[in-house]
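Per-chain numbering from 1; labels A, B and C assigned in written order.
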Amino acid sequence: MATTTHSSGARAPVLIATAITLGLLGAAGAQAQAGSSVQLFGLMDIGVQALKASGTDTRYLVNSDGNTSSRFGVRGTEDLGGGLKVGFWLESAVSVDDGTSGATSTNNKDSVSGGLTWGRRATVQVSGPWGELRLGRDYVPSFGNLTTSMHPFGTNGVGSSGIMFYPVPANGTTARTNVRASNSIGYFTPSGVNGFYGHAMLALGEQGAGPTRKDGQLTGVRIGWRNEALNTSAAISKTRYATGDYTQSNVGMSYKWGPARLMALWGRNEVGITRTTATMLGTQWEVWPQGELRFAYTWLKARNVASDATHIAIGYVHDLSKRTALYTNLAKVDNKGRGTRFNVGLATTQPGGDSGGFEAGVRHSF
Amino acid sequence: MATTTHSSGARAPVLIATAITLGLLGAAGAQAQAGSSVQLFGLMDIGVQALKASGTDTRYLVNSDGNTSSRFGVRGTEDLGGGLKVGFWLESAVSVDDGTSGATSTNNKDSVSGGLTWGRRATVQVSGPWGELRLGRDYVPSFGNLTTSMHPFGTNGVGSSGIMFYPVPANGTTARTNVRASNSIGYFTPSGVNGFYGHAMLALGEQGAGPTRKDGQLTGVRIGWRNEALNTSAAISKTRYATGDYTQSNVGMSYKWGPARLMALWGRNEVGITRTTATMLGTQWEVWPQGELRFAYTWLKARNVASDATHIAIGYVHDLSKRTALYTNLAKVDNKGRGTRFNVGLATTQPGGDSGGFEAGVRHSF
Amino acid sequence: MATTTHSSGARAPVLIATAITLGLLGAAGAQAQAGSSVQLFGLMDIGVQALKASGTDTRYLVNSDGNTSSRFGVRGTEDLGGGLKVGFWLESAVSVDDGTSGATSTNNKDSVSGGLTWGRRATVQVSGPWGELRLGRDYVPSFGNLTTSMHPFGTNGVGSSGIMFYPVPANGTTARTNVRASNSIGYFTPSGVNGFYGHAMLALGEQGAGPTRKDGQLTGVRIGWRNEALNTSAAISKTRYATGDYTQSNVGMSYKWGPARLMALWGRNEVGITRTTATMLGTQWEVWPQGELRFAYTWLKARNVASDATHIAIGYVHDLSKRTALYTNLAKVDNKGRGTRFNVGLATTQPGGDSGGFEAGVRHSF
């Protein structure tokens, strides 16, 4: 299933009541169908963090998601026969440090929060030999390259330079479509056809009538190719906003070279007349079967917004089991000018200042 | 169990851990009890919608609930022996298009939202040969006639004229008790006693002291009779509000005639001095084992609020399996005057204008 | 596991998919490990309540949690071998009467609500022969003595005098750490070492830079000892607030004497210059195998805030099964002065007035 290439982080789902669901199918007739399933799943990642910005005290945090985004969800598939499957997916964010959940957006423009929403993913999907059609809230195509498949740290923890591949907040719009979009119609190509894969999406902003009625409407596409050693992909997503259209484009590459996976990522974010362009070189290096070293260096060029900046990070992930890992990250951001600044996590930097961060935590999935 | 007559839409629950729960009973003693169960259940319905109102552009939406209300929940029962059972039910709404959940009300007057609430149902129920006692948040008796048991489209999608059987928003009160009530004590008659069924409810508003201390207090009753072919029922619910009491009354009838189920529904909503009365004639017609055509025509008379209006709809539901169906609906609303207007879904009509809508989607339950 | 001593109320968890999880372990290698598990669990408690305060009408409520706090959660453990275990816990509050969920706090100072949060508990824990390390949102050490282990009614229902062991709201700070803290690092001693048990916690407020950067930071410790008959424990938690530090200290004792469990609890809450000190004497008395009588008398001394007051309560809990119980409580509060008043539940008292309350309900766990 194409799905797995779009998830960040390992999941070891717990299968619920397969036997009983099979019983249901039995009641529906003696058809020769593969089993259906409903899965309760999740991942919890929590650690301690120390952040230091020039001119301020060191700040200590108990923080979620230093390695992978915490989540809680329910998902399942039903085999309809003839190669046709239907599935659903409900996934919410979890902040393990305080029990809150993440926000979502009903119009791809404004944020909705305050309690648990299935803001990480809420979809029904129908799949067949022709690929998969997916409706609901989901990752946008151009987020696919920002995960751990193309960036050693993905978009989590102080080690991640993900914020440099996201748009710099501008024009007062906070819930951009740089990660996910609501009201989306997505299509995924069938997996395993000569190594090619693709994802196209149309997501509606669902504004009312008038000149801003297409605010929040996204169109995006991602095309990639992979084999045992190489994985490369390019993507672009464009969202219409009355305050200035937003375009996210990126190209990623990952190459397995002995125990190391070498990664390169280029990404550009344009919001109205502003533009930031980031380039990352990094690696995930399997130092022994349970341990992986991570390193990434990112440099960013800014135009009409923010300042040029660099981000350097080193990390280590140690698997205690298939479902549980310990991790630690160390990172530093240098801001070249006095514009809007990039920071390590929640560090608050003085104008022109730099920041550094360290964290250690545990990730556990179910 | 009386429960099933009050649920709208098919549910194919997934049974969790029956064996283990039986183990618990075993630990409690070697009593000859029927098995207990906890079920994770849900339904996801998502489609695309086109809406056109006179004088405006066509509006496109990715929309939930065109056929049945999406939901996620947990429920279970425990057999206490001697015919006595205790159960619980936690059910939340889900907007599959954006991952948000529905609102609830703590006082049957004001709305509480912002994240997942168990606003569709949150009850503990005790049942025996004498019927069922149910405490918590639940459907009001007069909603029972508005579901697909008496209306071909129930209260979902552009095909539904449910909004004509609801009160017209007036006096600034938005979270009326036309569907559910919190703080309720409900009683259901035992099922299968000569075909008769009944539901009575008292729900408290839980205001503080003073003259408005009974704001939001509902009393309601529903009485019906059914056999293989006929199902008919009448209901009334009255809620006290300082801004004007609210009364919802309705009578429904459904008759199976060959492959068709003929339906008639009459309903009245009174809020203070305002009154709307709607009448619907319609059918669900099984054109072949997997396919059902739906048709409904509704006309509304208004007094002191809104305008007279009509709603006409045709739809088709195609079952892919016991758990999954495709559907499509087409509908049109004509408003006769320039008062508050009725619309097809989220279409926004000009004063005196009309609107039409089309949608197609997939419904999947677990 | 040390966990059980810190939970209030009985839980009969439903085990999900043990067999499948074992399958996962099998895939990870042929290690001789104990089974892992994921559990869906919860408890629903709902009843009717009548409250009477001097000078006001009797107020009727359908109310949650007269006996035990309602909850919904998911939790699990994974055995890593060598005595090492890792687990997670996600638990939210549930108001069965209206389907809302409880609040949480991201900084141990301000409240976050509006929908489901895992505000009752959200942790990842690692345990071994050396004890248990727990990160996330959890009970503070000084709450451990306020549960049904040391108070006949715990902190639920009109029978509870728990509010007298909590700080009187002062200085505009509402989300104090008298029950739980977010961003916590907790340590529990191994259970069963000569009867001693202990719990230490550091929880961060995670404010930004500046003089209030430690607002909401809690440090706490609890030390206890128990055998078959006796359980005694002392605890203290201190939280820093710019508006005045908060200290909660208490000592509890429970002694099993024939069919009765005699309980004594002393607790003090200090917020800035204010101080309240409460003492409770009570009993849980097993009148027959399914039935338990409860009685508690509490007197409170106040300084610089509120008034002296007393609380007296009698209750009865009747088990219908291991998972289900009926209960009833009757209580009265006398306020000695005209300061901030203590009330029975949601009763609203006139200055210097008293209040009484009665409730009856059903508790069901899954």
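In the analysis below, a residue touches a chain if its C-beta (ideal position, glycine included) is under 8 Å from a C-beta of that chain, and two chains touch if they have at least 3 such contacts.
Since the model is a prediction, treat every value here as computed from it, not as a measurement.
Asker: Can you work out the rotation angle that lays chain A over chain B using Cα coordinates, in steps of 5 degrees?
Answerer: Best-fit rotation on C-alpha atoms: 120 degrees.
Asker: So chain B and chain C: same face meeting same face, with over half the numbers shared, or different?
Answerer: Since fewer than half of the residue numbers are used by both chains, the interface counts as different.
Asker: Rounded to a whole Å, what is the gap between the Cα centroids of chain B and chain C?
Answerer: Once rounded, the distance between the two centres reads 37 Å.
Asker: At least two partner chains per residue is the criterion; list those residues in chain A.
Answerer: 16-17, 40, 101, 113-117
Asker: List the residues on chain C that touch chain A in their complex, please.
Answerer: 16-17, 20-21, 24, 27-28, 36, 38, 40, 74, 76, 78, 80, 84, 86-88, 90, 92, 101, 104-106, 112-124, 126, 135-137, 182-185, 203-204, 206, 208-209, 213
Asker: So in the complex, which bits of chain A are touching chain C?
Answerer: On the chain A side, the touching residues are 12, 14-18, 40, 42, 44-48, 56-57, 59-62, 72, 94-101, 113-117, 320-324, 348, 361-362, 364, 366.
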